[in-house]
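The two complexes that follow have subunit A in common; it is paired with subunit B in the first and with subunit C in the second.
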Partner chain A sequence: MKQFLYFGAFALWIVMIAATPLLADNYTIRVAISIAMFSAMAVSWNFIGGFTGYPSFSTAAFFGLGCYAGALAQRNGVPLVLAWVFATLFVAVFAAMLGAIILRLKGHYFAIGSIAIVDLTRLITSSWGSLTGGGDGLNVPLLQGNPQEVSALVLYVMLTILIIAFLTSIYVDRSRLGFGLKCISQNEDAADMVGVNTTSFKIVAYTLSAVFCGAIGAVYASWVGYIDPTDSFSILLTLKVPVMVLLGGAGTLLGPVLGAGVFVLLEEVFWANFLEWNRAILGGIIVFLIFFLPNGLLKIQYRDLFKKLMDKIGDAPKQVEKSS
Partner chain B sequence: MTEILRLENVSKSFGGNLAVNDVSFSLEEGEIIGLIGPNGAGKTTLVNLITGVHPLTSGKVIFAGEDVSNQQAYQAARRGLARTFQIVQPFPNMTVLENVAAGALFGGGTGSVQEAMALAHDELKFVGLAAVADTPASSLALPNRKRLELAKSLAMRPKFLLLDEVNAGLNASEIDGALELIRKIAARGVTILIIEHLMKVVLSISQRILVLHHGELIAQGDPRTVIEDPQVVEAYLGSKFAARVKAESHHV
Partner chain C sequence: MDIIQILLNGIVLGSLYACIAIGFSLVWGVLNIINMLHGSFIILGGYLAFFAWQYSHINPIFLLPIIATLLFGLGYLLQYFFINKVVMSPVLTTLTLTFGLDMILYNLMTVFFTATPRRVTLDLGSLNLGDMYLPVDRLMGMGLALLLTGLLFLVMRASKIGRAIVAVRMDRQAATLMGIRVNNVYAITFGIGAFMAGAAGVIFSLVFPITTNLTGTFLGKAFVICVIGGLGSVPGALIGGIALGLIESFAGYTIGPQNATTVGFVLMLFLLIVRPTGLVGVKGYE
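And now, the complex of A and B:
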């Protein structure tokens, strides 16, 4: 029953986002695209960071490679949709091969290693000028149609990727794979001992965490029409996505979607109202999360919270009586 | 009786430290074997070598006729070589049932999660933990955690079970319960190798004893012969203790 309610809420949320091109102005559609895009990446990250418990910071590497693979494919005459598919597959293969190496690291070492991947891919991209245009960036063939149609198209493609990612996470959560990943996150040695092939399970999780980011990157590149290394391989992006998942609830199905939605909306408010301070506020949110919401918004016992609050309110008058 | 496990000249060194030195022995299917030796003798290392946790430096491990010297830990589990840890290793935030189901699903090769849950339920009944099936593993006290380890290993449908100090930290009545359980497991046809410090326990349960000292196998044979072996007395038991154990073991 509770699950039914949750998934109903998810469906409603998707419908609301999907309805923006029909009802709202361009700014709102942009925010909706942002939400769909970050939600898909957050759901992706959840495979490795949530289910498996490996704090990966390579999201921006996958996103950036997706941008460049898609853009380069298109510039070499590959049709739009095929270029997106190519970028997705390219990133998946890259992640699988990289995972076989980097997943030997654990804990903090893995986190540092994975963040180094972002800088490494950025440096390679900006140095390999003959292929990628280096620091000058790349122009990507523009999508056909008027701005309204283009943003609607981008939104629906991003939403489709989000839905596929979400369905995949439901499937993984209920399957043998998900069970094994949870075992790994709780106690990797014990998982090995009960017969979980930890290496290949981790590689699958890492690849799943990459593949949707690659797809999102390719679509993003087509949407904005111009990419450069600093924008595509942004350290801020690589931090934001895990923060969103932690905000919502790592390892849960809806947590990443909730977290991404809340985060993007908050960010819009802060950008609009505190232009100078928004980065500091992002830092503040991270600190708040670590101290007060280590399990995310979804794991708060709202009923207990409500009860405590009611008790406090109920107690207050009595104390006044005593003291008088 | 058929042979289930054979070690041929197995050695393991960590850097310059030879932890297990040229150990060879052969175990029959259905036996309960005690493995004893002083602290640091290499008992746990030997278990780690048999279950693929550490690679061998030299030698061979043959399990059920197959050379498994180069296996990974998860492959050992799937072959039917299960173990428990000296320090229990549960999945703390999963329920007791899910812990055991993990064993069934991966080590036991059960087809689906549901099937694994059903099998796990049976094993929990077998070890007497059915009542706490839905509580998180981290909430169990030590004796029950040890039982959980056993249930988890049993769900893997092992042919061979290595028990690394399952009785450490238990009181006398808890040990009696654990021993009864080990006998019940043996009755299912599982070969058991048990590492144990309590001589009374080893003597009462083992059909054969292996003694490790400084990484070398210094004695093996039936319990009574082994405790009289002068080398074993000197290395491990001490002469006074040996005499006492001998006297006690006549009453057992």
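And now, the complex of A and C:
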């Protein structure tokens, strides 16, 4: 019953986002696109960070490679949709090969290694000027149509990716794979002992965490029409996505979607009102999150909270009576 | 003669790198925390040195102890009131928390100091030995960096607090049972990390222009050096720093300066996979 409620909420949320091009202005559609984009990346990251419990910070590398693979394919005459598919496959293969190497590491070393991947891909992209345009960036062929149509198209593509990612995460959650991943998260050695093929499970989780980011990156590149190494491989992005998942609730199905939605909306408010302080406020949110919401929004015991609150309100007059 | 010049440049750069990485390595080794604030601490030290110098025209070398002590205080407070609360959590939590704190510090710096590159110019000229060319400010920076590294080594080795830090690193629980106040030791260790970062910042402001955009670069160097040298040991960081300085200066000469940083990262990934304890610091208890 509870599950139906959850998925109903997800479906309603998707319908709300999908309805924005019909009802709202361009600014709202932009926000909706951001929400869809970050939700899909958060759901992706959840495979490795939430289910498997590996602190992976290489999201921006996959996103950036997706941007560049899509853009370069298009510039070399590959049709739009095929270029997106190519970028997705390219990132998937890259992640699988990288995962086979980097997933030998654990804990802090894995975290450092995965951050280094972001730096490394950025540095290589900016110094390989003949292919990628270096620090000058690349122009990506613009999408056809007027601005309204373009943003509606981008929104629907991003939403499709989000839905596919979400359905995959439901499937993984209920399959042997998901069970194995959760075992790895609790105790990797024990999981290995009882016959979970930890290496290949981890590689699959890592690849799943990359593939949707690659797709999103390729679509994003077509949407904005211009990409450069600093923006595509940004260290901020690589930390934002895990923070969104933590905000919603890591390892849950709906958590990443909820966290990404809340985070993007908060960010919009802060961008609009405190332009100069936006980074500090995001930092403040992170600090608050770590101390007060360590398990995310989904795991709060709302009933207890409500009860406590009611008790307090109910208690207050009594105390006054006593003291008088 | 070229080779010797490159070698010298590498060693000068390497000593500065060692100074950058030593605090980071100590914090990682003892507290088991990847301190994302480290880059911002360095830049903060550099900015404080620049503005103090601009205001008072005192040579930043004399200001170094004051600035570094200020950063020690900042680090101590941050650790005592914030990071200590989650110090035993998994790396995802601690790393995210220090990154959040870093975003706040970074934002404060860009608002109050702006992102304009600034450099303390002392115009000390340069030493010419035969064909070799050595700017005096860089030599001075190198001397200071090595001096500080030596001092920290002595503190860790011979002082009471240094022994306490090493004890906590070896076994937190046993240290608690021996009457060491672990939370305090953690805060002091983090403070020392910030102290060394601040000192490195002051030294860097003498040699290179300082701007907030460099925080990530410095942090990246600290990662690489820690992996090369191993964690938590002063000699490890020194060797790692000098190794990275030499590698970058040779790579800059042979395949172009824009690729020098890439070489460092590739080497680091390779080492992470082949030998994650680092070249030196197998145990690293000083």
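Here is the rule we use: the second predicted complex is superposed on the first by the 324 of 324 C-alpha atoms of A that agree within 3 Å, B and C clash if a C-alpha of one lies under 4 Å from a C-alpha of the other, contacts with A are read in each partner's own complex, and residues count from 1 in each chain.
Criterion: a contact is a pair of C-beta atoms (placed from the backbone, for glycine too) under 8 Å apart; a residue touches a chain by one contact, two chains touch by 3 or more.
As the structure is a prediction and not an experimental result, all values here were calculated from the model.
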Based on the superposed arrangement, let me know which partner A:G49 touches: subunit B (first), subunit C (second), both, or neither? second
Which partner chains sit in contact with A:L123 here, subunit B, subunit C, both or neither? Use first/second/both/neither. second
Examine A:L239 and indicate which partner it touches, taking first as subunit B and second as subunit C; both and neither are also allowed. second
Subunit A residues touched - subunit C or subunit B, whichever exceeds: C
Go through the superposed model and pick first if A:I286 touches only subunit B, second if only subunit C, both, or neither. second
Which superposed partner A:A111 touches (first subunit B, second subunit C, both, neither): second
I'd like to know which partner A:E276 touches here: subunit B for first, subunit C for second, both or neither. second
With the two structures laid over each other on chain A, which partner does A:K308 touch: subunit B (first), subunit C (second), both, or neither? neither
Which subunit A residues lie in the overlap of the subunit B contact set and the subunit C contact set? none
Residue numbers of subunit B touching subunit A in their complex, please. 51, 53, 72-74, 77-78, 82-83, 85, 89-94, 98, 101-103, 105-109, 112-113, 152, 156
For the complex, which residues does subunit A have touching subunit C? 49, 53, 55, 57, 101-102, 104-105, 107-109, 111-113, 115-117, 119-120, 123-124, 126-127, 235, 239, 242-243, 246, 276-280, 282-287, 289-291, 294
Once bound in the complex, which stretches of subunit C touch subunit A? 28, 32, 34, 82, 85-86, 90-93, 95-97, 99-104, 106-108, 110-111, 216, 220, 223-224, 226-227, 256, 258-259, 261-262, 265-266, 268-269, 272-273, 276
If you look only at subunit A, which of its residues touch subunit B in the complex? 174-176, 179-180, 182-183, 186-187, 189-198
